[in-house]
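What follows is a group of structures, each given as C-alpha cells.
Look for chain A in each of the two complexes below; its partner is chain B in the first and chain C in the second.
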Partner chain A sequence: MKMIHASILPTLALLVLSPQAALAHLVTSGLGPFYDGALHLAISPDDLLGLVAVTLLAGLCGARAGRLTVFSLSLSWFIAGLVGLNLPVTIDLPWLSILSFLVLGVLVAINPKMHPKVVASLAGLFGLIHGLFNGSALAAIGAGPLALTGIVVTVLVIALLISAFVVSLHAAWTRIAVRVAGSWVAAVGMLMFGWLVRGTG
Partner chain B sequence: MKIHFLCRKDVRRMIMTLFVVFLFAPVSAWAHVESGQAGGFFSGLSHPVSGLDHVLAMVAVGLWGAQLGRPAIWLLPVAFPMMMAFGGMLGLMGIPVPGIEIGIAVSGIVLGALILGETKMPMIGALIVVAFFAIFHGHAHGTELEAGQNAMLYSMGFVICTGTLHAIGIGMGLVHRWKFGRLALRGAGSVVMAGGLYFLWGALS
Partner chain C sequence: MRRYLVLMSAFFMLFLAGLSGIASAHESQPGLLEVRQLNTNRYEVIWRAPIYYGKPHPATLQLPEEWQIVGEPTARQLSDSALHRRVVEVPGGSINGSIIRLPGLEATITDVFVRISRLDGSETSQVVRPTLPFVELRGERPWYESSREYLLLGLHHILMGIDHLLFVLGLLIIVSGRSMLIKTITAFTVAHSITLAIATLGYATVPGPPLNAAIALSILFLGPEIVRVWRGQTSFTIRHPWVVAFGFGLLHGFGFASGLSTVGMPTSEIPLALLMFNIGVELGQLVFVVLILQLYRSLKVLEFRWPHWMEFAPGYTIGSLGAYWTIQRTLMMFAIN
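This part shows the complex of A and B:
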C-alpha cells in the first residue's frame, strides 16, 4: 500500500482552496447586480471595441444585417455567458479577445460585400467568445445571472443604436468616417498584440 | 491507500507546512489607487502632439490626401494609422527598425516635397509611401507607455489623436478647391519640408 505523506494533503488543499484575487472586474454601481453588469462595458474597452466594430460592420452591410446582428449577438452573448457562469475555471484568453476586434476592425475598414447571414454569424461568434469570458469571470467573483443580464441588455442597446445609426447614413463621407473608425479599431488591435507579446497588455 | 493522520509528529509537520505555505503564498498588494487607467488614455491622446516631427507628418498626410482628392483623401488616413500600429507592434515585439529618427525626419521632407510639387501618383504608390513612413512613426512613438498605465487605453488615445491630426490636415487641405488655396497648400508643403530638414539635421548631428 502506498503511503501518502500527511503534509502533502493540507498543502494541496490549501493550494486548491485558497482564495485567489479575481482579476475579473465588475464596477459597483450601488444599484444592484443588474446595473453593475450594465456598467461593465464602460470599463472593458476590449469588449466595447469589438462590439462597436461588429455593429459598425452590420450597419454598413444594411438593415437586414443590422437586425440579424442585434439578435444573434445578444442571444449568443447571453447563452455563452450562462455556460461561462457554470464553468469551474475562469477563461481568459486576451489574444483571442484582441484578435476578434482586430479582424472586425479590418473588415469595417475594407468594407467587403458580405451577406447579412455571414455578418450575423460573425457577430454570433464574437458574442459567444465574449459571453463565455464574461460568464466565467462573473462566476469567479461570485456574480450571478442578473449581472450577466445587465451586460447583455447593454450589449443589445449599444448594438441596436450603433447599427441603426450606421444604416441611416447615406452620404459617402459618413460611410467613409465609419470605415476610418474601423481602421482605428484595427490599429488598436495591432498595438495590443504588441503589448501582449511584451507582457504589458 | 493508507493515510497517516493521527501521529503527533505528522500533526506537527502539517502545522509547519501550513505555516510555511501561508507565509510564502503570494498575495496581491491592493494598497494603491488605480489612477493610471484613465491616465493611459490621456497619455496616449497627448503623446502624438508632444512631438512636432510626428504632428508635421500626420498633418502632411491629410494635406496630401486632400490635394490628391478621392479616394486618397480617405485611403491615406486609413492606411497611416494601421501601418503606424504595425510599426508600433514591431517595436513592442523587440523587432528593430534601423534609422528611426532619420526615417521620421525624411517622412517630413518627402511628404512636404510631394505637397509642394502637387505630385500626382498612382494610388498604390501613394499608399506605399505613406505606409512606409508610418512604420517609423509607430515604432518610435507607439511604445512609450508610462508605468502603471492601461495599454489598451493608451493605444486608443494614441490612434484617436493620430487620426484627428489627419482630419485636421484634410480640413486644411480642403482649401485646394480654390486657386489661392492650392498655392497656400503648396506653401504648407514647403513648411513641412523645412521642418523635415530641421529634424533630419537634428537626427544626423
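This part shows the complex of A and C:
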C-alpha cells in the first residue's frame, strides 16, 4: 500500500503543480464568435464526453433529474465561464477535465440509484469545472462573452435533447445500451488519462 | 400544453439572437474580388469590400509578392462598399497557382466571391470563406467543388439570417397540427425559392433598405398573431398560416438573394449557383425546424412547467424585436441616424 502511495502521490502532485500550457484555440466557423463557441464545444472531447455522460446519467434518473440537470449544468457553466473570462491566468488542468468525465462515465455504466438533486449537483460541479476552463481559455485568446454564450447555448440544447431522449426510453435493452455508452465514455477517459500520465510523468 | 412548451424554444432563439448582433441582422453582405486579364501580362484587380456593421471592412487585400503594381491604385467609396482598383503586371502572364490573401477576413463573417476573366473568354469563380482567408487562383474547376462552395454559402446565409429564422420560429408557434406545419413550411420554401430565382437571374431587384424594413415588418406582424393564439382567439393568419408564409416568403426570398452575388459570374454557372445556394438555405432551415421541434418534444418529455405570464413573452418579444427592426431599418432607409 505504501509503495502504491509512493508512486501515485508524486505523479498526482506533478499533474497538479505543472499543468500543461493551455493550448487554447478557438476554431473559426466563419459565422462569428457565437458559432465559434458552439463549434468549440462540439470538437472538444473532454467537454463533450462529460456533457454526454452527465445528461445520460440524468436521463437514467428520470424526468426531474433531467430538468434539474439542464438548469444546473448550463447555469453553472455560464457563471463559471464568466468568472474564467475575468481571471488573469489561464486554468488548464487536463487531468481534472478527464477525470470529471471518466467518473461520470463510470456512474452511467453502473447506474446507481441517485436522488435527482445529487445528479443535478454533479452536473453543476461538472459545469463549474468546464465553464471555468472554457472561460479562462477564451480570455487567453481574446474571445469574449459571445463565444461563451455559444458554448452555453450548445450545452443547454445538448443537455435537453439527450436527457429527454434517455427519459423517453422504456425498453430494458435501451437502458442497457445507455449504460454501455457510459462505459465507453469511461473507457475513453481511462485511455486519455493513461496518455496524460505517460506523457507527463 | 403545446403553446408554453414552444415558449422555451422562442426564448432560446431570442437569447441566441439577442447576443448575436441581431440588431444588425443582414449586415453580412458578401465581398467581391474581380481579377480581369487586360493583356498577356497585365491584370486589373478590383476589390469591393462591403461596409461591415457600418464601418470599413477589416479585411485587406494582399497580392502575391511577384505581382508588380502598375500606376496608382484607386479607391472609391460607394453607399454599400469601398471599391479598390489596381492594375498589376504578372511575370510570365499566368496567374494560376497564385495566392491572394485577405488578412482580417478571418475575424469577420464575410464571404468573398472571386471572379476571374481571361482574354480567351474563359470565366471562373470561387468563394473565399473566413475560415480560410485566401484564394488560390485556378482555371476550370470540377462542378462538385463549385457546388460545395455554393451549398455552404446558402447554409451560412440562413444561419446568420436571424430575422429569417425568427420568422420561421413565429410560424412554428402559430401553426398547430403536423399537416398544417408541413403546408406552411412548404409554402414559405416555395415562395422564397421563387423570388430568390427571380432576383438571382436578374428579372427583378428590390433595393436593400426597404426590403430589410419589410422583412422586419413580417416579424412584427407575427407578434400579435402569437398573442392571439394564446388568448384562444382566431384570425385569418391563424386559420391559414400558409398563405401568410407564402406572402412573406416572397419578401424573404429577395433577402436571401443578397447573399448570392452573381455580378460577373459566368452565365453557365448561375443555375448551379442558384440551385446549390437554395439547397443550402433549405438545409439550414430544415435543421432549424427539426431542432426546434426536437427541443419542443424534449421539454414535453422532461415535463417542464412555466409560470402563466411567461406564455405571453414570446409573442411580445417577437413583436417588440420586429418593431425595433422596422423602426431602425425605416430610419436607415431615410438615412436618419
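By our rule, the second predicted complex is superposed on the first by the 177 of 201 C-alpha atoms of A that agree within 3 Å, B and C clash if a C-alpha of one lies under 4 Å from a C-alpha of the other, contacts with A are read in each partner's own complex, and residues count from 1 in each chain.
One rule holds in what follows: contacts are C-beta pairs under 8 Å (C-beta built on N, C-alpha and C of every residue); 3 or more make two chains touch, one makes a residue touch a chain.
This one's a predicted model, so the numbers in the text were calculated from it and none came from an experiment.
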Q. So, A:156: does it touch chain B (first), chain C (second), both, or neither?
A. second
For this session: Figure out whether A:70 sits in contact with chain B (first) or chain C (second), or with both, or with neither.
Result: second
Which partner does A:180 reach: the first (chain B), the second (chain C), both, or neither? first
Inquiry  = One more residue to check, A:46. First (chain B), second (chain C), both or neither?
reply    = first
Name the contact category of A:195: first (chain B only), second (chain C only), both, or neither.
first
Considering only touches as defined above, state whether A:142 meets chain B (first), chain C (second), both or neither. neither
Comparing chain B and chain C in the superposed model, the one touching more of chain A is B
Per the touch rule, the chain C residues reaching chain A in their complex are 12, 15-16, 19-21, 106, 109, 111, 129-131, 156, 159-160, 291, 294-295, 297-299, 301-304
Touching chain B in the complex, chain A uses residues 1-4, 6-7, 9-11, 14-15, 18, 21, 45-46, 49, 109, 173, 176, 179-180, 183-184, 186-195, 197-198, 200-201
Interface with chain C, chain A side, in the complex: residues 28-32, 34-35, 63-64, 66-67, 70, 145-146, 149, 153, 156-157, 160-161, 163-165, 167-168
Chain B residues touching chain A in their complex are 1-5, 7, 10-11, 13-14, 16-18, 21-22, 25, 27-28, 74, 77-79, 81-82, 84-86, 88-94, 142-143, 145, 151-153, 155-156, 158-160, 163
